[in-house]
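The following pair of complexes shares a single chain, subunit A, combined with subunit B in the former and subunit C in the latter.
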Partner chain A sequence: MVPLAARAGQVSLGSGIRRASPYRFLRRHGWSYLFLIPLFALVLPFVVYPLIASVEITLYDWDGIGHPTRYVGLDNFARVIHDPLFWNAFAHTFEYAGVLVPIQLTLALALALVLNNPRLRGAAVYRAIYFAPVVTSAALVGIVVSLLLTSVGQSLNHALLQLGLVREPVDWLGSPTLALPTIIAVGIWHTFGYNLVYFLAGLQSIPRELFEAAAVDGANAWQRFRYITVPMLREVGAVILFLAILGSLQVFDLVLVMTGGGPYYASEVVSTYIYRFAFTPAAVQAEANVGYASAAAFLMGLLVMGLTALQFLAAGVLRRQRAEAAG
Partner chain B sequence: MFRTTRRHVLRAALVGVVGTAIAACTRAGSFSPVPSAAPGSASSTGGKSAAPVTITHWDWWVTQGPTIDQEIRLFQEKYPRVTVRKTTQVTDQYPSLLQLAVKGGTAPDVFLIPGTPDLIEQIGQGWLRSLDQWATAEWRATFPPQSFAEGSNIFQGKLYTAPFDGPSPWLQLYLNDRLFRQAGLVDARGNVQAPRTWAEVSAAARAITRAAKGDAFGWGFGDKQKFVLPWQMMMCQTSGTPDAQTSFDLRTGTYTWASNPVFLDWITFFMGMKRDGLIVPDVMSIDDETARVHFASGRFAMLIGGVWVQSGWTKTNPNFTEYTVVGLPHEGPVPTSYFYRTPGGVGFGIASQTKLPDEAWLWFSWLNSKEAAIRWVQAGQGVRVFPEANKLEYARTKPYREYMQVALEGTRLAPAPNLRHPTMDQVKPQQTLPDIQGILEGIYTGQISDWKGALLDLQNRQNAAFAAAIKDAQSRGIAADPAWWRVPDWNLTRDYVQI
Partner chain C sequence: MAVSLVGRRVPDRPLRRLPMLLVHLFLIGLGFLYLYPFLWVLASSFKSPGEFFEAGPSLIPAALRWDNYRDAWNIGHFSTYFLNTVIVAVSVTSLVILISSMAGFVLARTAVPGRTVILGGMVALMFLPGGYTIIPTFELVQKLGLLNTLWAVILVQAAGALVFNALLFLGYFLTIGREIEEAARVDGASFPRIYAQIMLPLARPMVATVALFQFMTNWNSFWIPLVFTLGNPALRTLAVGMYAFVGENSTGWTAICAGAVMSILPIMLVFFLLQRHFIEAVAGAIKG
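Take a look at the complex of A and B:
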């Protein structure tokens, strides 16, 4: 009998390990690579190439028409760094992520715990209901919510006035103090379903025997959550946390549709700041500056890449810790 | 027996997707709803082909859409061989979409020329085709004098477009008659007492808001799309500034947000109305289209808008006809400046990429004909460049007649130094933020408390950007003398005679 090695592509023949032939390797794993090709075919031209090409554009003053000809060197980067509106947008972006992520993850985990109850009837229906906003376009959500929040027909303000909770209509999207919190609230609702499903998957991967053994040992619900659920969810939780942070840092559609970054930049985020310079609306009657917008995007991209690298590091550390604990 | 596994299903799905994609790509390259002229045929080289063809038309006109559709119908009745396929693009993104189409080789045959980038740049980038082969002296003579001018629609002797709109103040003040009557603001004959000055606007707004007891307000607008607040400030256009949109004053060659007191005066007046509760509370959250519906529904009594709002109401509020149109109110008892026009003008253009230039010219010349202009005016879409089309008898409603009266009386001829010095258009100041839209937002929402300081900061930034742009143009070998931007002898209340 010939034992097989654990690692793919290798065959153990008694005392030695011999690498499989290319034909055998392809036959075993070819379909996997074939299924990856469409993804690479899209990522390369729409993500990798623009990233590389935009680096050159950052060195030019270019309105997007024709080819860039006016070389300005690092001037665009200097202007971005010295622009208080950029840092204002930067702060708002992190404010958005800083408020949205903890609230959303807490709610998602709580609801995942409820949905993970095997005695709950219709769990699949609830899951679908909570996931439905995720599959709805953010722009569409922004438009509909904007209509609900403004005084068009029977809006939220009308309801609040009828209930006597407010004395006059609230300018949800036009108030500098309410605009960003309103967008955050909509953002929490819109992408909540993603994290709910991730947490649910993580919970369902925890062996039931652990809970049963803990229950036999007299642990209550909180103790089971504290000493079994939380440690077992740490690794997947770290991934969820970083994905949520990265996703929220890239908020764009909701802000653009609901407030356009206003009033007076009170809800401006980096994405809308970049958009303002790259695609100046005709109503502004000003020239676009794609080079400047690219410089701002590049700076923000560096930050997001840095966070992504941190995510990989953190996940690796947690994985090693778990392996050591298991060993 | 063959067992279907999940792996087999996935493989089949992948093959199906790839096969469909290949078939779609193959089919897309040859798709055409109507056979177009083949390269080298009479049509593509400027002659006429007997085969039916389709030309594409782009604009951003929504409320004007039905009128253009009517023109397409009439055109196709006369020229059944030519089909016009119209696309109405999003206003805000029109320049970007057009640019992308040009880059992708799919530019529309005939398109409404956007305001940005500059026409000279669009021509330099090869967006537009010269009309000289068709625009004979005879054709040009059908237009009124000064319709064509080097530096406006003629560049280096070649004509690229023709003026479409007639000279008119592009914004007017609309009054909801019912709310005015409810507040008792009518004269002895029962006509609405239209406010002519800012003080009268304030007084009317106060009376209306009080009479409505919370159900309506004196003034309203919708600034969610971030361009309507400056429209409110256009009340300065008739109050002593030649350009209330940019504050650039050709008499001094500088931006004048702070040095011309009219802008601060207007802000003080407008914020006074807000403070007194005379303006709809959530104006910053609603867009312009919604605000127009609110106006027609009686939520507020005074709205600044263009002639396009009238045709919009025929769709959204078809029973709403009780409104009055007057010119924008001015600060003092009489206007001290006007809306201005210059020789030339820009309208539609023909793409240089067009494979159907003759057919494109047919449609272009149809749109720019006197007959189409008369129908345009009769449809309530505004005044046109042909004086023969702008007769008051063509107005079918009282508000439209009022608009035409405002249009025909409200403009003066302005200096146009760029016609003498075409390189002026190559001086492009960098956009500096916050701009006037941002500053007005900040003032209106209370985020900016030092109004004068904000206007002075904006003025200084824009003047610095302008000076830097002139220096930059000069360093690139482009002739640019700051003196070209100064016309100190310009009297704002009279037509300027170009020498």
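Take a look at the complex of A and C:
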């Protein structure tokens, strides 16, 4: 960023010499502004404005039709905080992230270590196979797995019953205890490929000479992993962890298509909770309230932002520690 | 394993190859299980409704029943969903490439007054969480009279992707030397000409990466098309259409499988054709 600013400064040196008239200014920068207009024309109304407006809507009791008129102050926030179903959805969101992230990252690192072996032929083919689900949408993946559970699930249940492993057919998505774990399993499978490729990239950036030198010194495979791979992966690993947490906290599509948050809110996450209040027709859901949904969305947004800030603080501390250790 | 790297090459005797063979067997078996849901949905899209339940796990249908595809295409409205998805994916991808490369070019190459403020604002936007502002966006689209048009989906999706991609282009343009550009300027090339005929072609690798990811993201997008087509089923994209199709379930499971194949196959083909580029772009994101 610094050399960039310096370069920009050099270029504009000439403008101070003669008094700039509006005409000269336009002649000089007109094209630049013209080229920026499309960006502003889309980002200001569809990104910046909603950020500001979303705060205002939280202060109204509003069903989403016409102008919001019934000002209720911070009432919506109070109601969200006192709604056990919000905390239910909140807990599920963190359960989703808290179970998915460690399992997915451990498995991804393990497979990346296998695929990173220089003597393994066809690693690129395997990499493509394990990456493939990532390119499909979560909504479609959710639907396909639901269909799979309907069809194959029946055969599976038949086998399980005959083997006497279960007493009654397993209803993967219809049971309150199994719905969320099933969704988590699908989530692990679907986005696994990203983390595999991230870890592979991280592993490939470690100089091979380090391993060779350690091997010469008599370090075994575990010692090489523990004292070379782990420390060398720390920085990339922190980014991978952060991206995985942020991504999984925003889970929506999978839950909506697989269970809709049910049965009886047993798999509801914050995003489907918000969706339920904001976009379910009043005919279906008596409590449809856009102001209320906005308050819930605002709280969750604030939390995610807090986590982002925390991550950057942690990264900063880590970097400083490393710099001190190195210097 | 690294022992062989030290130079004392051990001759490749069959016994030494055995562990590697086991690794391959494991990876192939796991890979098969990994892709099983996709293979299964492909097989099921040709099955009869009875077969769907009786021969559930089987990957070989008794006969190729194309009727399922016909039903999904006509009765399930997949012809409409397919066209909508193509329109959205292609328009958003083109808009994002054009607008973000233009902005990235200006911010990387000119000393436009206000540059620091604009850059600061863009970086700040990257830190704010997205996805929680759908309600006011919805209200705005309604006020603009764009609700229940594909424009709503296209503009909202494109807007959300612009800042990040403009920063990507900005970074890329900064790495390109100034010599060619300055030579062109001396030769009297105009500002738009330098952008379109010199800088954009030089940024071709970045354009390809952005195109790939935007196409994939928009082919798959669910949340925004879902919300903005709630009032008009004729505007549904494939993912949203599939969701509705399952809910209405007018034509049976096997037709839904056919719909799923039609939604997944195009993007899978794009991926396997360009997989190296795809994966390197993803890997690049973590290294850079």
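The working rule: the second predicted complex is superposed on the first by the 253 of 327 C-alpha atoms of A that agree within 3 Å, B and C clash if a C-alpha of one lies under 4 Å from a C-alpha of the other, contacts with A are read in each partner's own complex, and residues count from 1 in each chain.
Here is the rule we go by: a contact is a pair of C-beta atoms (placed from the backbone, for glycine too) under 8 Å apart; a residue touches a chain by one contact, two chains touch by 3 or more.
This one's a predicted model, so the numbers in the text were calculated from it and none came from an experiment.
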Regarding the shared-chain residue A:Tyr265, is it in contact with subunit B (first), subunit C (second), both, or neither?
first
Check whether subunit B or subunit C contacts more residues of subunit A in the superposed model.
C
Taking the superposition as given, does A:Phe279 touch the first partner, subunit B, the second, subunit C, both, or neither?
both
Touching A:Ile183 in the superposition: subunit B (first), subunit C (second), both, neither?
neither
What is the contact status of A:Tyr198 with respect to subunit B (first) and subunit C (second): first, second, both, or neither?
second
Just to be sure I read the superposition right, which of the two partners does A:Trp31 touch: subunit B = first, subunit C = second, or both, or neither?
both
Would you sort A:Ala244 into first (subunit B), second (subunit C), both or neither based on which partner it touches?
neither
Between subunit B (first) and subunit C (second), which does A:Leu173 come into contact with in this model arrangement: first, second, both, or neither?
first
Does the superposition put A:Leu59 against subunit B (first), subunit C (second), both, or neither?
neither
For A:Ser146 in the superposed arrangement: first (subunit B), second (subunit C), both or neither?
both
For subunit A, give the residues common to its interface with subunit B and its interface with subunit C.
31, 35, 38, 64, 146, 150-152, 279
Touching residues on subunit A, where the partner in the complex is subunit C
4-5, 8-9, 11-12, 29, 31-33, 35-36, 38-39, 42-43, 45-51, 53-54, 57, 64, 114, 117-120, 122, 124, 126-133, 135-141, 143-148, 150-156, 189, 194, 197-198, 200-202, 205, 208, 211-212, 214-216, 221, 224, 236, 239-240, 250, 252-253, 256-257, 271, 274, 278-279, 290, 293-294, 297-298, 300-301, 304-305, 308-309
For subunit C, which residues are in contact with subunit A within the complex?
1-6, 20, 23-24, 27, 31, 34-35, 37-38, 40-41, 44, 52-53, 56-57, 98-100, 102-103, 105-108, 110-113, 115-116, 118, 125, 127-129, 131-137, 139-140, 155-156, 158-160, 162-163, 166, 174, 191-192, 195, 216, 219-223, 227, 230, 238-240, 242-243, 246, 253, 256-257, 260, 263-264, 267-268, 270-272, 275-276, 278-279, 282-287
Tell me, which parts of subunit B touch subunit A in their complex?
7, 10-11, 14, 17, 91-96, 99, 114-117, 121-122, 124-125, 223-227, 245-246, 281-286, 290, 294, 299, 428, 430-431, 433-435, 437-439, 441-442, 444-448
Considering only the defined contacts, which subunit A positions touch subunit B in the complex?
31, 34-35, 38, 63-66, 83, 85, 146, 149-152, 157, 168-176, 259-260, 262-266, 276-277, 279-289
